[in-house]
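Presented sequentially are two complexes of chain A, the first with chain B as partner and the second with chain C.
Take a look at the complex of A and B:
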């Protein structure tokens, strides 16, 4: 390439066959073929994403097809600009902020004309890119159809804890009164939900044994913690993380996500961190056979706040 | 020109990263969740079944346990030595009667040791936390023990003689332990505080959960059964067989992490990993940007 061809020129007034307007690549045909293959792959993968979504395929196929499709289209666009657009270099001289009316019309005219001619010169690539982006714009609407999930309706307000639910551990065994020593903790569920997604998600409860004496966490909850067995919802009232860190000397439950701290001896009132409300307490009793059971369900929604929560 | 070599390198790196992305997605997506084994039996959890207890002439418990863990009390013959060692090393804070009332101090400032099993005493002394360097610190840290194993046993023997209690000092039989069950139990019971890597983490009010690396099997079992300081006790909710599996996991997999990704990054979790990801990701983006902007 000669020095003259590398001299920056202004874009206006160049003839069609000026070397500055030639494609940057020395082999435009080969470059176009490679870019066409890339864009075709992008187009196919975008379409494949739509198909995968439609048949509800595994999540990794969605990620691979969408990521791959957009990546190939992006590589194609970058390579198009890099290898097939006029090589330049061009300069644009500073000019008065407002150009004259004639100059503006001429500018618009030249942009439209030259842009159009450049697009016409690469009909295949333009078509492929348009097709790929067109398909993507259609499949991009798909998530609105299903991915937002079903409406929760009333399920946010109640857990599966009912009157007289048996307290069971992760393995489904009923917890009896001799099971925990003072200073112990375990995660419990209402019987029958320990293996379900919903049980694991909303019913999980921490059972702590704080002392052998009868124990009241707050006024009005005198009978809720028989023999020192106290149960709180395991869902942080901030964002729903499992509050599983129990410090038995400080009598604190700590949330691992944002370090909210709940006072076990005082109704799990948060005394540090972003949690806005105490953990709901589950009223327990010990039945005649010595099993721990719930007097009733939680008296308020568990977990983080939501729109309709009072 | 060196620039074109750099360009080619950048393009290669960019495409290599793009090529790896689906593989990574596949690796994370194909993870299959198996049902962990929970066969909790609540018998013999640090306290003896009557059938398994071996008692001495005076009725004191010598030994109990099963195929997973044997709990042994130190020999009563050590009691006299233990009392002398206690008065020398411990009585300043815990009091001459080990009841937490020092001679010239305030009641309740220091723990009462009467009625704690020998495992508790053994754990605190053999982990080097006691005798404390500074009795006022929020949380005693593990260090080289000041007293020997035999001295710890002697002190445990004396305190146990004041008011015999459970649990005794565990010996864990790791031969038949199931490390996979141990991993599941560790994730369920221990990882919330000690982290899934077992390196410990900060907790409330200047306390922290210590690292679980380089800890003898006996001390792991003692900590589970006795709940030192702020750690909860695990008694009825973990059988001796489950404790044995956890101890096996802690002394093998936590002790020697495999790091299948190549770099453990100190097990510090998402923050450290995020910084590395940021550095690599920005680097790759910079190379890609260089490739896009470079003209012939």
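Take a look at the complex of A and C:
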């Protein structure tokens, strides 16, 4: 190909036999044949897609026919553009986007002088309009404060665990002293909340039975784990995922989200991972009928940290 | 009595040289004045380079997203109301679930073509975000964001953020166990913002987790609010590109003042429509053969349940990785808590990265004092510091992405989680530095190699009748015969390309 043919020309005013307007392919006939076969395949597959859809064939056949059909048509079309359309190259001049200096000054003048004199002459109106819109922009935030949601107030600080709450499982059955084998765990809720969103999301607590019957997780919590039943909030203190994995040998609770590990034997203090605080422990007792109940609610907010938390 | 006989031929003659099409255009131009602009639109020259295709991938996967998304809206119910499943997927039979999850499973199994559409939608999203990132990398490394295109850089970056946000919203809608955990994490991240966190979280979710009417809100944001903004921004993005014309690499007669390539009609139109079909086709093939997000395997979301070894969609990976490896430093004082273990990796870090990207055109201009118009692209090797910074940032993000699978890595390599965690902390900090140095050195080396980045020309070896061999270099490609990059008077931040020094021992080929 000569240099002349590769020199870009402008699109307009070319004679029909100009080399720039010839197909890019050296063998247009052959290219056309290949493209025709490709497009025919695409056409057939698109029809096959219709047939598959009509008879409700398996999803993968729908995808295969649709994907194949569109791809072959697309490949044919792109090849048509690349090999059979004018080879160019063509050139187009860029024109500066900026206006002339005069025009620009006239525009700025319109804004500054006309607008400026307007505001100078009618200061009161301008002030009122600005003030009104200013008030409106403040008022427009009210929906945030009044309708989008309740204000947090104390909700983040408390759970539904109260003094003497019965410990129930996911199905609402009260947990009694023989229900849990040593070394196993279950997810429990305060009675009455196991079916509620809040119970599921906030009150969820993991109950573990350890082998040591006089189990003390930390100083001052001597009576919290009767007969080896120990209960911690199931909300990870990192991001609130349920701490759902229990490593029985090492007595670790593991959060599957970001791998924080909490030492069950030592007040659920995190000994690995990004969680900053121990899981709050729920003080338990066993009542005369043998049911597990809470001595009191959690003594601190459960779950991830937030600004208002002390 | 009229003696005018209306024949086909006379009708055609009355229509003029261009027949029916001409008549329609005449009528339209009379009323709308479309001929002048329309002609320049059809004649507009589009430069050709493989890397210019990346933005088109993003655009067309967005088109696929809109099309498949409309299909999904017909069958999805955004509701937290509880129902019991009695559908065609037996393992879930009798399970209580929200209508959101119920309708998502149902549209996968009971709606004809539903599973394909859902899979295509998910794949298109993953490809969309990926294409935006790669497209932005191309823009960054070739300096296409420079004057006059700073605004389009900012719009594109905004689109990336919106795409990530909308991807997360859409990922959340099926209310399966995995996505529900994702929402829980998002809630806690919002909660971690100092001062206003709890208020923001309550406003967005309508209360304490799991909130009220979350799916209604997420749904309308996902299908109307965010896509509406995105369509508007994409339109502006395209309009600005059209008005400012494309950038191009130098060579082959391309200068700062022209555009060399092929016209929109018919060449570019044929190619780009072909690309649209190919991209839609490939997405459909992926949807057919590569399962993505099988929500029926995860089960419905229950706040007290959780799955194991799950990762978010890939574009959220860097955040998840940062959350995993950041140490557990929490701030408690003055009766307040700042959960730094969350705020820094999940709020401050992405904020810094995106703001750095937004400000990059301004930052670079501050160092280069370069206020010229640029329509010719840089070769990345000619801008070693910019290239090295870009590679370092991408390396940093990729290392964070890898860190989002610490548990999987620990299982795979049979090492303790602790080892993986510490290793990832080191890798995240060290690899960007190495990447910077290595990239910088490679760029410098490439500058010193004559003809790097140019096509090689053949040597024509011929044998004479006497049997003597001679080698003569073939003619140079006209495309490759061009001047060096225009030298810009800049301080040392961007070093000008080094002159071609022929050192001893370096073989140079005359071209």
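Assorted remarks:
Everything below uses one rule, namely that the second predicted complex is superposed on the first by the 160 of 310 C-alpha atoms of A that agree within 3 Å, B and C clash if a C-alpha of one lies under 4 Å from a C-alpha of the other, contacts with A are read in each partner's own complex, and residues count from 1 in each chain.
We take it that a contact is a pair of C-beta atoms (placed from the backbone, for glycine too) under 8 Å apart; a residue touches a chain by one contact, two chains touch by 3 or more.
The structure displayed is predicted, hence computed values, not measured ones.
In the superposed model, A:178 makes contact with chain B only, not with chain C.
When both complexes are overlaid on chain A, the residue A:228 reaches neither chain B nor chain C.
When the two complexes are overlaid, the chain among chain B and chain C that reaches more residues of chain A is C. Shared-chain residue A:68: touches chain B and chain C both.
When both complexes are overlaid on chain A, the residue A:86 reaches chain C alone and has no touch with chain B.
After overlaying the two complexes on the shared chain, residue contacts for A:170 are found with chain B and with chain C alike.
Within the superposed three-chain model, A:186 lies in touch with chain B and out of touch with chain C [touch as defined at top]. Judged by the touch definition given at the top, the superposed model places A:307 against chain C, while chain B stays out of reach. Contacts of A:152 after superposition: chain C is touched, whereas chain B is not reached. Of the two partner chains placed by superposition, chain B and chain C are both touched by A:60. Shared interface residues of chain A (contacting chain B in one complex, chain C in the other): 59-60, 63-64, 67-68, 71, 75, 78, 81-82, 88-89, 170, 187, 242, 244-245, 256, 259, 272.
Chain A contributes residues 24-26, 58-60, 63-64, 67-68, 71, 75, 78, 81-83, 87-89, 169-173, 176, 178-187, 208, 242, 244-250, 252, 254, 256, 259, 261, 272 to its touches with chain B in the complex.
Across the interface of their complex, chain A is touched by residues 43-45, 80, 112-113, 115-116, 119-120, 148, 181, 184-185, 187-189, 191-199, 201-212, 243-245, 252-254, 256-263, 266-271, 273-289, 302-310, 320, 323-330, 332, 335-339, 341-342, 375, 406-407, 417-418, 421, 478-479 of chain C.
By the touch criterion given at the top, residues 18, 21-22, 25-26, 28-30, 38-40, 42, 188, 192-193, 201, 203-205, 207, 227, 229-237, 291-292, 294-296 of chain B touch chain A in their complex. Residues 3, 6-8, 11-12, 53, 56, 59-64, 66-82, 85-86, 88-94, 97, 144, 148-152, 155-156, 170, 187, 189, 197-198, 200-202, 204, 234, 238-242, 244-245, 256-260, 270, 272-277, 303-310 of chain A are the ones that touch chain C when the two sit in their complex.
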